[in-house]
Amino acid sequence: MEKALENRRVGVLKRIFAVNEFGLLISLAVIFAFFGATSHYFLIPRNLSNILGQVSLPLIAGVGLSLLLICGEVDISIGSLQAVAALPLVHALNGTHSLALGVFLALATGAAVGIINGLLVTRLKIPSLIATLGMYYALRGAVYLITGKVAVADRSGSELFFLIGNGKVFRFFPYSAILMFVILFVFMYILKNTTYGRRLYAVGGNADVARSIGIDVVKIKFSAFVICSVLSSVSAVLLASRLGSANHLAGTGFEFQVVAAVVLGGVSLSGGVGTLLGAFIGVLILGIIQNGLGMLNVNTMWQLVITGGIIIMSVAIDELKKRRG
Amino acid sequence: MNENGGYVLQVREIVKEFPGVRALDGVRFDLARGEVHALVGENGAGKSTLIKILAGVYAKDEGEILFEGKPAVITSPTDSLRLGIKVVFQELALIPNMTVAENVFLESFPLKKNKAIDWVRMNERTTDILLSIGLPISPRSKVGGLTVSQQQMVEIARALSHEAKVVVMDEPTSALSPNEIKFLFNVMNKLKKLGIGIVYVTHKLEEVFEISDRVTVLRDGRLISTKPVGETGTDEVVRDMVGRSITTLFPRTHPGSRTHAAANAPVLQVENLSTEKKLRDVSLSVHAGEVVGVFGLLGAGRSELAKAIFGLDRINRGRILIEGRELRSGSPSHSVKMGIGLLTENRKEEGLVLQMSVSQNITLTSIRELATLGLINRKMETERSREFVERFSIKTPSLRQKVMFLSGGNQQKVLLARWLMKSLRLIILDEPTRGIDVGAKAEIHKLIDELAKEGLAVLVMTSEMPELLGVSDRILVMSKGSVTGEFPREQTTQEDILAAAIL
Amino acid sequence: MKGRKILIFIAVFVFMLSLCSLALAAQKIPKRVGWVGNYMMHEWYQNVQKGMVDRANQLGIQLEVLDANLDMAKQVSFAEDLMAKGVDVLIITPVQQEGAASIVKKAKMEGIPCIIEASAVEGMTTLVAICDYDCGFKGGVETGKYVKAKLGGKARIMAIDLPMLRPCILRVDGFYDGIRTVIPDAVMVHRLDGQGLKDHALQVATDALTKDKNVNVIYGCNDDSALGALQAYRAAGLDEKKLVVCGTGGEGNAFIHAMKEGGPYKVEAAMFPEAVGYECVNMAVKLFNNETVPKHYVTPTAALTTENWSSFYTLAGEKRTINWNTVNKVKREDKCAKY
Amino acid sequence: MEGTQSSGKGSLWSKLILFNEIILVAILVTISAAISLGAPQFYSTTNMLNILRDSSMAIIAGVGMTMLIITGEVDLSIGSLVAFVGVVTMDVTNKTNSVALGVLAGLGLGAVTGLVNGFVRTKLRVNSLIGTIAMLMILRGGVYLYSLAAVQNYHQLKAFFDIGNGYVGFMPIPVLVMITLAVVFLVVVNRTVMGRYLYATGGNYAAARISGIKVDGLKILTFVICSVFAAISGVILVSRMNSGQPNAGTGFELTVVAGVILGGTSLGGGEGTLMGTLVGVLILRIINNGIIILGWNQDLQIVISGIVIIVAIYVDNKRKIARARIIST
């Protein structure tokens, strides 16, 4: 009897999980089909490749944020980080013409910020939403002070720097998209097949339990903060390339865009639940909506209203499914 | 090795202090290979402190721990796991969203050469271990979907997965049905044969004498006695535990069914109740001044019935009448207005507001009565709650104390107080004494009796046979979501009940 | 006799018509022009768009307008999208000038002519914009005159700036230099960051007035900033007779209402958004025909006063219409004093 | 759990520890003192009243937000709501020539928004953080659809001007409104059944439900209160600006939430005080005000605010631990 009971339960769970991503895919397909039908330009290869390039920024940051959310924390300072991380990059480029050095410095900056966030949350025990809200202000202000609100243009003329954000392989596949997929798959693998990955879920699922069986919760969360910030600064590098400058206004509102996307993708704000595939779909949905509405020349007012509406509906549908089982 | 008489674990003069309390005061305790050593005592006696020290959750202040004769340093959970000590706490240490296999190997997943998790091997080994303790469940199923007993087994499987030498079980049976308990005991015997020593913490004395070899009693942080079960008895142990002898565990001063049932109309009437969740065509009635006990194995639908009557779950068919008036389902607030109270089986999740004070928790349901025009009369609130704290002898430093700092028994009393402060017609108690020590148990049984005496209709869902036979006037037995038997307390035996329960 | 005259007349007429048509035929008209604005919900850009649409309709050009809504990443994406759509000419209003460099580069690679509006960008072909410094300067001079005539010749200035954007800094600098040509000892008491928003301007101005309320000139790098500061001045209960306000842009109808009120709002450093839009389309046509164009095509600015504003704009209800022949008469700088 | 030696038995010390807003008050005092050292004008009554008048909007909104966060929800849509309310109020006042109707329309809009937010949360079960971010976008789009241009004040009615700029005696009207609301809801939250229910619902939803509290109804009501209070701020703002600006209120939601958080209200729900919010908002406002009065670089405003939030929460956590000790021993 227990076995029967058991099997029924598993069956149900299996279905739920299948359904969840499936549901997201459906909404994605519907949206895709809609724009395909309404705009002559949406489906042309050129535009599709643009979309890939455009979603790569929020997605790369989104992977990091998903990791963080899965282990039960959040980081809303990633928007300000977009501006911070680009500074050393472009300065190094202009100064030394070495892209490698620039990128390294950008990632290092990201790591540094991640370490600060991590310390604030794990050592000083400040809730991550608050700690990173503080950093969100502090970092943005710091950039204003440092730059005096004058953007730093890239004068190195480095072709490669231009290409990482704007270039395409075979005039179709954006470099940034390749980078995105590499990062996406690597971390999908890590989450699924490494002890570290599973422990992220364990910590997010129930930190006390994780602690009680000897998982170093602090270390796990700390590392997640660092990874999140480093990946965000990767997207900061791409953004800098797309903007051709380190810009004090870069990344304003980026944090909400990414949070909304991954949560839309089924990554739970309360930790322990979510997949990178879901996050990917979530980012795609929002990216396609932006692109598609643009293709249809929908004005900003309606863009805001429609996007907001779609976010609410998608999440609502997802919740409904969860309850239906 | 032999100089320590084959003891796998020895605890010497352990002392642990918390601000204001001396939780452990020079306690000795030792455990032989393949022995089941019961550890009993009222809440606050120091049982949980001791096992938390063994688990590496707390660090001891004084004394020493010998593991296999060698001094052992346990400063973190990892240390104790490395030694081979596995503590199975009441709040099971499982991650609901992860699979059985993952939970079994959570501390250290089997890896391939390239450091990647070897899912195949992990699942195979999990299946083997589960089969070795006779539990045929899929290693891929999510733990969140398992029954409590299955989840316990997953924890035990975890212990086996890294050859634990000592397994500590903290009230493992409190959430189990009789045949699940039998199953657990079988597993424990298997462990014994493997030479694993088991520390068995429980409140159910009958179990102590059924499964364990020796029993150690703690009280107020001190060691009272350690005896082989053969050389002692329930009364003696109880006396050691509470320091006095409890006259009776099940006082009954209320007249019971005979007078009422015939006389007045029933307070609660359930007619052919069916819900999506589980219940199939359930009918029953409870009269004022009557205690009706509902028995059933885990998954029989006891809790579901409680929730459905209270109006937490929508009902498909049938109806619920309170003194003849139909109850609107799916609206707890309406049920409370109608004078129904529900004490759910999980205190923390569905009962207490942990960061609220004791008095605020007590007055939560009846706060309206303590307010005029919505303004709370603080003076009255404190008086009333103090009155209940005294009447139920709830142990708390102050009314302002956050309820999260109280012991399980006292928390349960707080919840009872919450309902009794409101004038009810019917109260539904789901596992009212789960995880509560003997003393508190007796007090709660006494309260149940008093409630009936005051003319309340009481519906008690329980999986503990003694409790069932002790408190109820009438006994309903459930199985697979429907009522499969009804017995007056006087003429029935455990056998009849169990027979009906597995129908 | 009579008939021949008419015939000749007709002949001449036809001839001239054909000439005109030839002249027109000489210039190719782009089919589709795309514009990525930076903040289309702002009134200024609403009016720029008005000018663009008018001109585009005259020439039968299909205009595609997208809005980055102050998001630089979005602007780059939308520029890509328009190029993917294959517009003939691209017009960009940078959210932030350095942030648009790569767009210009991409457009070059695509061989799509690209016009920058508002503020100069690395490697651009041409910029259609006012001279911010000179615009502020004119406002300064006009305000100075008023102060000399009506407020006793002493000028103590509170300027609401938007340091985030270079053009705004230029305007404030220009205003300061301008007013000092009339009142050499004019003092900049406060120079604040109002973020170009009325509510933020109101807040910072309130604080500043607490520090030193001895101010008789308010300058705003846009109309909202000026009006916000004016509200702070009013709330502080200071004497409006002793005050002159100069706004910048003429982005919407607010400044006209303020001037009609007869309050302290006396001067407007107007930048005629409609003209900007109009010229952008003209420039698009020029580029489409690979004509040589100036690096910076300057659009008109002028200091409007309570007396002369009505010769530039007429306001019916909330619908304002620009008076082209006065605006076109305005003398334009051939190059800006400062960038 | 981890030891802090601050569990002093010194009765004064413990009294201080037990006083919830002690840390915040301390910070407030320190900052004020620091500023007034550099700029004596800081202590002028005008400045104090200015600070209060300007904070009144964030505080009024903060009162509603605190109640909402206590129930375990949050509303990020108020930033756009403030703008929308302003535009509608101004427009209706112009059309009807009646301030009363204008204000009524504005507050009505607030109530409706709150209702929608509440339903999205309780009926559609959408996490309020996401749901209200979406609502933030929708309302911002909506206000521009309603009117692209700033709505000018046609009739220049005295009453309209007074809402934001008028005085009763020496007391600015918005401050008066703020104090009244604050006092009333201090009582509501601390002394009434509803207040108790707010904490219970935020503290343990299931338990509150089983205790017979109409939890969803309560949440919806709180969403409405929060939005209506934001709408009141919107009305005050539009009067102060003397025109309905569709671009108003950008970042207002974060200012308020930051103030509430700084005030010690935990985003987890079940904990928090209005007093804290009051002080929290004031601290942030005084930082902005002080930096301008000191004539420092304005960019320091957000930097210092950010740091103060982090520090305050850190110190207050330590205090809470000590507090728990003192009560339980």
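A, B, C and D label the chains in the order they appear, each numbered from 1.
The rule is short, and it goes like this: a residue touches a chain if its C-beta (ideal position, glycine included) is under 8 Å from a C-beta of that chain, and two chains touch if they have at least 3 such contacts.
The model shown is predicted, which means the values in this text are computed figures rather than measured ones.
> Could you name all chains that are in contact with chain A and with chain C at the same time?
Both chain A and chain C are touched by D, going by the contact rule given at the top.
> What chain lies farthest away from chain A once each centre is taken as the mean of the Cα atoms?
Using the mean of the C-alpha atoms as each chain's centre, the farthest one from chain A is B.
> Taking each chain's centre as its mean C-alpha position, how far apart are chain B and chain C in Å?
The separation of the two C-alpha centroids amounts to 75 Å.
> From the mean C-alpha coordinate of chain B to that of chain D, what's the distance rounded to whole Å?
Going by mean C-alpha positions, chain B sits 44 Å from chain D.
> I'd like the Å distance between the centres of chain C and chain D, where a centre is the mean of that chain's Cα atoms.
Chain centroid spacing, chain C to chain D, equals 38 Å.
> Going by the touch rule set out above, which residues of chain D reach two or more other chains?
Correct list: 144, 299.
> Could you pull out the residues of chain A that touch at least 2 other chains?
Within chain A, the residues that touch at least two other chains are 149, 300-301, 303.
> Can you name every chain pair that touches?
Per the contact definition above, the touching pairs are A-B, A-C, A-D, B-D, C-D.
> Can you name the residues of chain D that touch chain C in the complex?
So the residues of chain D touching chain C come out as 39, 41, 44, 46-47, 50, 53-54, 144, 148-150, 152, 156, 164-165, 237, 240-243, 245-250, 288-289, 292-293, 295, 298-299.
> Contact residues on chain A for chain B in the complex?
Chain A residues touching chain B: 2-3, 5-7, 9-10, 12-13, 189, 192-195, 198, 201-202, 205-206, 209-215, 272-273.
> Taking the touch rule as given, give the residues of chain B at its contact with chain A in the complex, in rising order.
Of all residues in chain B, those touching chain A are 55, 57, 76-78, 81, 89, 93-98, 102, 106-109, 111, 115-117, 119, 136-138, 140-142, 144-147, 150, 299.
> Give every residue of chain D touching chain A within the complex, in rising order.
120, 124-127, 129-131, 133-138, 140-142, 144-145, 254, 257-258, 261, 266-268, 297, 299-307, 309-310, 313-314, 317
> Which part of chain A faces chain D closely enough to touch in the complex?
120, 124-127, 129-131, 133-142, 144-145, 149, 256, 259-260, 263-264, 269, 300-305, 307-309, 311-312, 315-316, 319-320, 323
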